[in-house]
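A, B, C, D and E label the chains in the order they appear, each numbered from 1.
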C-alpha cells in the first residue's frame, strides 16, 4: 500500500470513517459530532490538495487496486476529470456541514443524518475517483442507498412519498447502468477509464455499443435529471435544505452529469461516440431538458421547487457541453459542472436560510426580504445573476465556452438554446430579485425566529457567492479552475 | 493410511453428532454444550477448508473398501464452500439461539439443541457424501430434523405446517429413492463418480432423472411446489426459519446440482433444463408478487425465499450446455447460494428480533422503529441491500456473475427476469425498511421501548455485515470452487 | 405376454405398489391414510431393490440391496413414527385429522 | 503598471467600489459621490492616445485601451456624469433613499466608463451589463407606479439585448478566434452577428423600433439620472456599433440600412415628440431623433471609401459630443421647472444649439456631418442634402414644444436651487465654448462659418420657428388640437401584446409538458399496483396450491413432463 | 368427527385426474423396467469376494456393518433423531389406559418373556453367519417391551428411569466411538483391523440391539415417559 495508492483510498475513507463513527455518537453530544465531522472534512481537503499537486505536475500516478473477481477490480485512480469533481464536492461538503449544523439545531436524529451525510460524500468521492466502470457502478449505487435516508429525514408522509419516487427512479436507472456495464464487459472485457476512450480494441458490435450507450445514458440520465427522467428531483425537494443543497445541487445530480462525461470522454472516447453518431441524440436530449427545465421552473411558486427545476435545466448544460463534439464545448461543460455547483448551492443555502429564519417558502412571500436579510439576499442575487449568465459571475464563463464550443463544432442551433434558456432564467430569477429588493414587505413573516440570524446560516451562502464571483472574475488566472479544465481537456482530447 | 485432511472430513460429521448425543443426554446444560459443539464444528470445517485448499480435493474411503463397494466422502470445491456456508450461518444461529431460547420454556430450550446439531450433522454429511444411497439417508436425516424443529414451537399453525412439510419431505425422499433404485437396477453401482462414468441415455436413467428431479424440486420448494415453504418458515421459531430458508432448501438443490453435473450429464442437451429455467422464472415473479402482499415480515421474507430460489434454477440450461463457460455459470449459482444464505438468515433473525421485541411482526407495527431498534433495522436493511443485489453486497457480485453469463450466452429473457427480480425485491424490502424510517411521535409507536437481547441483535447484524463484506472476497471464494473436478461432460469420467 | 422372468415381474409389482402408495398419499385427505400410503410407496421401492438383487436367479442374490432395504425399512419406521406423532398433535390441536387446506 | 494605466483602472474601479459600498452601507461618504467621476475626466484629458494594456487575470484576459474615439466619448461622458452628480446631490437633497440612488448612480457610471475604456469584447459586454442593470435602479428610484412599469419594460428589453449581444459575441469570437474588439483586430463579422449587434446596441441607442423603453424610462427617472441616461448612456449603444459593426461581405447594404434607419428615427422622433405633454418626454423623443442623425453618420462611415472614413467617424464623435452636452443641459434645465422665466430663457441656448444655430456646437457637428456626406456616392449625397435640413426643422419644432411647455410652467413660485442653476450653466458653457474651440472641431468651425453653410444651417431653424408659431395660434382656437397626444412609448403596446402572447405560449408548453410527465407517472403507478381483483386471484391461487390434490397433480405433472423431456429429447 | 370416511375416498374428478397421471407414471416406470436386459452382478461379486475379509459370514451383515457401515451408522442416528423429534413434538407420553390384568395376558407374559429374551440374544449372535443381527434382535426386544407396557407392568422406578436416556443413546454412541476410534488406530474411518473385525462388529451390534429395542418401545409410547427425565422441572411444564 504505497503512499500513492493510499491517497485515493484515504480521500474516500476520510468521510466514510467519520460517517461510521457518527452513527454511534449519541444524539446529545453535538460537539463531538461536529468535531468528528469537521475533522474529517479538513483531513479530506488536505489529502485532496496533495493529490491535486501531484496530478497538476503530472508526474505521479495515484492508483489503488483491489480485485473483487478474477477479471474485475475495484480501482480508485486520481485523474484530472475526477479531481475536478472531488474538489467541488470536498469543499462544498465542508461548507454544507457548517450550514447543516446551524440548520438542524433542534431537529431529530441528527447523528443518523450526519452519518449518512458523510457516507454520501464518500460515495461521491468514490464516483469521482473510480478508475473503471465497475467501481463507478458500485459507488453510484452506494450513493442511492446513502441518499434515501436523507431524503426521507423529515419522516412525514410527503417525505416518504418523495423518497419512494426517488428510489423508484434511481433504482431503475441503476439497473439500466448495471446491464450496460455487464454487457460492455462481456463485449470488451474489463473497461478501465483511459484518456481518449477505452473501446479502441472493439471492432464491430455497432448496434450493441449503441444500445449500451443508450442504457448508460438512461442510467446516468436519471441522476442527471435529463428530461423524461427528471420527475424525482422536484419531488425530492421535501428533504431538509442542506440535503437539497449538497445532494441535489452538487452530489447526486452532478454524479449523473459526471457519469455522462466519464462515459463519453473516458469510455467511448469522443471520436468513437461521434463516429457512432451517439452525440447528436444526447445533445438533443440535453437541450430539451435545458428548455423544459427552465419553462417548468418559471411557473413554480414554491422557491425550492423552482430551484429544483432550475437544477434540472442547469445540469443539462454539462451534458450539452460533453455532447458537443470538440474540446471547447467539453471545457464549457466541465466548467459548468463546478460553476453550477457553487452557484446553485448558494441559492439553496439562501432558500434554506429564508425558510429557517423567516418561514418563507414561497416566492410570493419574499417581498422586501432584501432589507430583512441583506447578506443572504445579496448572496442569493449573485447566485441568481450567475445562473442567468450575467458577467462577472462564474456562470457567464461556462456559457461563453459552451457557446463558442457549439459554433466551433458547427451545431449553431445550440447557441439558440443557450439564448432561450438564459432568457427563461431571467424570467424566473429576476422577479425574485425584484420582489426582494424593490418591493416593500407586505405582511408579517410566516414565523420569524427571534434574535439575530444564526451565523451558520448566513456565512455559507456568502462564502459560496464570493467563490462564484472569484471563479468568474479570476477565470483565466494561473491556478484557476479554467486552467485545470484546460489541463484535463489537453490530456483527454489530444492523447 | 488416513491422511490428515481426511480425518477432518470424518470429524466434520462425527463432531455435531457427538454434540447432539451430549445435549440429549444432559438437557439442562444443552445450551452450553450446544454452543461449545457449535464452535468446535465451525473450527473443524475451517480446518477442513484449509486442508482442502492445500492438498486439492480430498476423498475419504469409509471403511477402507473403496468406491464401488464402500462409501466415499468427497470434499471438492463445491462441497467445501457449502460446508463453509453452513458453518458460518450455523455459528450465527447458535449464538442467536442461546439468546432466543434463553427466555422460552425449558422444554424448547432442551430439545432445540439436539435437533439443531443433528440437522447440522446431516447437512455436513449431505455435502460430503459421494454415494447416491447415502445421500438418501442424509436427506431423510435432514428432513426429520427440520420437521421436528418446525413443530418445536407447538402452535397449531406450526404443527400443521410441520405435518405438511413432513409429507412433502417423505414424498420427495421416496421419489428420490425410487430414482436410486432404478439407477441401481440399471447400472448396479451406488458411487456417484462410478455411476457417472457408466450412465448413458437409457430408459431407466430417464425415469430416475425425472423422479429425482421432481422429488428434489419439491424439497427445494421450486415454484409450483413451493406451497409448503411459507407456512413452515413463517410459523417456525426465528432461528429455525433462518436455518430452514438459508440452509435446508439448499441441501436438496445441492444434490440436484451434483447429479445433473455428473450422473445425468448425458441428458444435458434435452429441454429438461429449460423446464427448470422456466419454473425458475415463475418462481421469481410469483414469489415477489406474493411477497409484495404479505401482511407480516416473516411471511414476506419466506416468500422472498421462494422468489430467490428461482434464481438458482434460471441458468441451468447454460450450465448444461457445453458451449457456455460452465465453470463461470456454476460459480454464479454457488455465489448466489452463499449470498442468499447470509442475507436471508440475517433477514429472518432480525424479523425474529422484531417479533421478540414487539410481540408481533406485522409491518404496520414497525413504523418509526428505526430510532428504537437501530441495530435490528440496520441488519434488515443491509440484508435487504444484498437481497436486492445493490453494490457493494455479495448479492450484487452474484447477480453480476449471473448477468455476465446470461448476456454472454445471449439469454435476453433471463437478463430481463434477473433485472425485474431485483426491482421487485427492492419493492418488498422497502415495504419493511420504508416505514421503519418514518418519523413518528413516541406515543404512537407500537411499543414504547422495545428490548432486544444483545446476542440476538449482534448475530443478526453480524450476518448482515457478512452479506456485505462477502461482496469484496469474491476472488478467494471462487478460487476454492475451482478445486476438484465438479463438472462432467456427458459420459466422460 | 412378454417373457416375464421373476426379477422383472417383481419389479413391475414394485412399480405398481409405488403408484398405489403415491396416489394414496396425494388423493386421500386423512393424515392416517396418507401415512399408510407413504409406507406402501416405500414397500414398492424396496420391491424394486430386492428384484434387482434377485438378478437372473442362479447363484446367491446380491447382498447390497438387501442391506439397503433393511436400512430403508428402519428409516421408514422412524419417519412413520414421527409422522404419526405429528398427526396426533394435529388432531389434538386442530380437532381434525386433516390439514386445513385439504378440508373441503 | 504605468501611472496612466493605473489612472485608467481607477477611472472605473473607484465609482464601482464606492457604489457597492454605498449600497451595502448607505449614507457614508455621500458628499463625495459625484466626484468619483473626476479620475475618468482626468484620464480622458491626460492619458495619451492609444495606450493599451492587458489584465490577463481578469475574466478571460481583459485589455483596457483609450483610442481617439474612446477619448472623445470619455470626455463628454465624464463631464456629464460629474455635473449631473453634483446637480443630483442638490436635486435629491430631501429624498430619503438618496444614498441608494447614488449607489446605483455610481455603479452605472463605472459601467459607462468601463465600456468606453474596454479593449476586448468580454470587458465591453461586462461593463455594458453592469451599466444596464445598475441604471434599472435609477429608473425605478421614485417608486411611482409608472416608474415601476417603465422599469419592468426597461429591464425586459435590457435582458433581451444582453442575450442577443452574448450570441453575437460568441459568433464573432469563434469566427475570428481573438477576443479583441473587432475594430481593433480588423476582424470581420458575419451577417447574422451583425444583425444581432445592431439590434442589441440599437435597443440601447433607441433606434426606430427598439426605442419603446426610452420615452418611458427617461421621464420616469429623476432629473440627474435622465440627464445621464439621455446624454451618456444612450451613446454606449452607438459606441458599440462603431466598435463591433465591421461587417464583411455586405458592407454597402449595411451602410444604407443604417442611414435609412437613422433618418426614419430622426423623423419619427420629431413627429411623435411634438405631441407630448411632459417636457422630459419631449426631450426623450428629441434624443431619439438626434440619435437617428448620428446613426446616419455611422452608416455613412461604412459607405465611404476607406480614405475618407476617419472624416465620418470624427463627424459622429463630434455630433455625439455635442448632443451629450446639449441634451444633458436641457434635462438638467428641467430641474429648474416652475422657477422664473429667466431660467427658461437660459435653456434657449442649448435648445438652439441642438437645432444647429451657427456658432454653436450643433452647427459644427451638423456641418461636419454634411461635409462627410458629400463624399458619399451621389444617390445618397443629394438625398441627404435634402433630408438633413428637414431633420433640423423637426428638431427645432421639438425644441419649440419643449420651451413652450417649460414656459407655461415657469410660474416663478419655486426658487431655483443655486447649484442646479450653476450646473446647467456649466454644461451650456462647456458645450458652447469649449467644444468648438477644441483642436479637431476648430477647422470644422471655420467650415461652418462660410456664408453658404451659414444659410444652409439657418433656414431650417427659421422655418421651424414659423411653423411653431403658426401651430401656437391655431391650437389656441382648437382645444382638441391642443391636448391631442400620443401615449409615451407608442409602439410599446402592440409589442407588449406580443410578449404576453409569447408568455401564453410558454404556459401552454408548460401545461403540455406537465401533463405528459404526470400521465407517465400515473400510468407507472397504476401499472405497478395490481388491481383488487388481481390481488384476490393471487391469494386464492396461493391457497388452492396448498391443497394436496392440486399440489400432487402439479408434482406428478412435472415428473411426467421431465420424463417426456428426457426420454424424447435425448 | 363430522366427515365420514366414504367421501374421503370417493373418486372426485380431481382424484380421477391424479389417478390417470399416476397410471401414466407407472406405465413409464414399467416401460423402463422392461427395458432392463442384463442384470447387474458387479457389486454382488465384489461383496461376496471380500466376505472372508469382512470378518462375518452373513454377506448382508458384512454389507451392513463393514462395507457400508457408514450408512448403518447414519440409520441408527435417524432412529435416535426420530425419537428426539417425537419427544420434542409430543411431549406427554400416551400410556394406554390401564387394561385390567386379565389372567391370559399375565400368564402369556410370564411364559414368553424369558423365551423372547433368549431368542433375541440368539438372533443377535446368529447375525454374524446367517440371517439375523442387530435389527431383528432389536425388533424382538421391542415387541417384548410393548407387551410389557400393554400389560401395564411398567413400574417406573428411579434406577430404571436414570438408565433410559443412556440406553437410547448407547447404540449410536458405540457406532460413533468405534468408527472414530478406528481412525485413531491409523485405519480409515470405520476400517476395522483385519483380524478382529468380527469382535468390533459384534460389540456394535449388541449396543445397537439395546438401543433399537428401547427406541421401539419409546416409539410405541409416543412421548416422554412420565419419569424418564432426570431434571424434575423439565417434565413438569408441558407448554
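Rule of thumb we're sticking to: a residue touches a chain if its C-beta (ideal position, glycine included) is under 8 Å from a C-beta of that chain, and two chains touch if they have at least 3 such contacts.
This is a predicted model, so every value here is computed, not measured.
Asks: Tell me the fewest steps from chain C to chain E, where a step is a jump to a chain it touches.
Replies: The fewest touching-chain steps linking chain C to chain E number 1.
Asks: State which chains count as neighbours of chain A and simultaneously of chain D.
Replies: Chains touching both chain A and chain D: B.
Asks: Find the most central chain, measuring centrality by the gap between its CA centroid and the centroid of all protein CA atoms shown.
Replies: A
Asks: Compute the centre of every chain as the mean of its C-alpha atoms, then state which one is farthest from the centre of chain B.
Replies: D
Asks: Could you pull out the chain whose C-alpha mean position is farthest off from that of chain E?
Replies: D
Asks: Determine which of the two chain pairs, B-E or B-C, is joined by the larger number of C-beta pairs in contact.
Replies: B-E
Asks: How many angstrom lie between the centres of chain A and chain B, each centre taken as the mean Cα position?
Replies: The separation of the two C-alpha centroids amounts to 43 Å.
Asks: Mind checking the centre-to-centre distance between chain A and chain E? Centres are C-alpha means, answer in whole Å.
Replies: It comes to 73 Å between the two C-alpha centres.
Asks: Distance between chain D and chain E based on Cα centroids, please, to the nearest Å.
Replies: Chain centroid spacing, chain D to chain E, equals 109 Å.
Asks: With chain centres taken as the means of their Cα atoms, state the distance from chain B to chain D in Å.
Replies: 79
Asks: Considering chain C alone, which of its residues make contact with at least two other chains?
Replies: 11, 18, 22, 25-27, 29, 34, 48, 52, 62, 64, 68, 71, 75, 78-79, 82, 86, 89, 99, 101
Asks: When you check chain D against every other chain, which residues touch at least two of them?
Replies: Answer for chain D, listing residues that touch two or more other chains: 546, 548-549, 551-553, 555-556, 559-560, 563, 567.
Asks: Quick one: which residues in chain E touch 2 or more of the other chains?
Replies: 15, 18, 22, 25, 28-29, 33, 36, 40-41, 43, 47, 67-68, 71, 75, 78, 81-82, 85-86, 89
Asks: Could you please write down every pair of chains that are in touch?
Replies: A-B, A-D, B-C, B-D, B-E, C-D, C-E, D-E
Asks: Would you mind writing out the residues of chain A in touch with chain D in their complex?
Replies: Residue positions touching the partner: 168, 228, 231, 292, 295-296, 298-299, 374, 378, 388-392, 397, 399-400, 403-404, 406-408, 415-416, 418-419, 422-423, 426, 430, 434, 438, 472-478, 482.
Asks: Along chain D, where are the residues that touch chain A in the complex?
Replies: 24, 56-61, 122, 125-126, 129, 133, 140, 148, 151-152, 155, 159-160, 162-164, 166-167, 170-171, 173-175, 506-507, 509-510, 513-514, 517, 520-521, 524
Asks: Can you tell me which positions in chain D touch chain C when the two form their complex?
Replies: Against chain C, chain D makes touches at 543, 546-549, 551-553, 555-556.
Asks: Okay, in this complex, where on chain A does chain B touch?
Replies: So the residues of chain A touching chain B come out as 66-70, 72, 74, 108-109, 112, 137-139, 141-142, 144-145, 149, 152, 154-156, 159-160, 163-164, 167, 171-172, 174-175, 178-179, 182-183, 185-186.
Asks: Within their complex, state which residues of chain C touch chain D.
Replies: 22, 25-27, 29, 34, 99, 101-102
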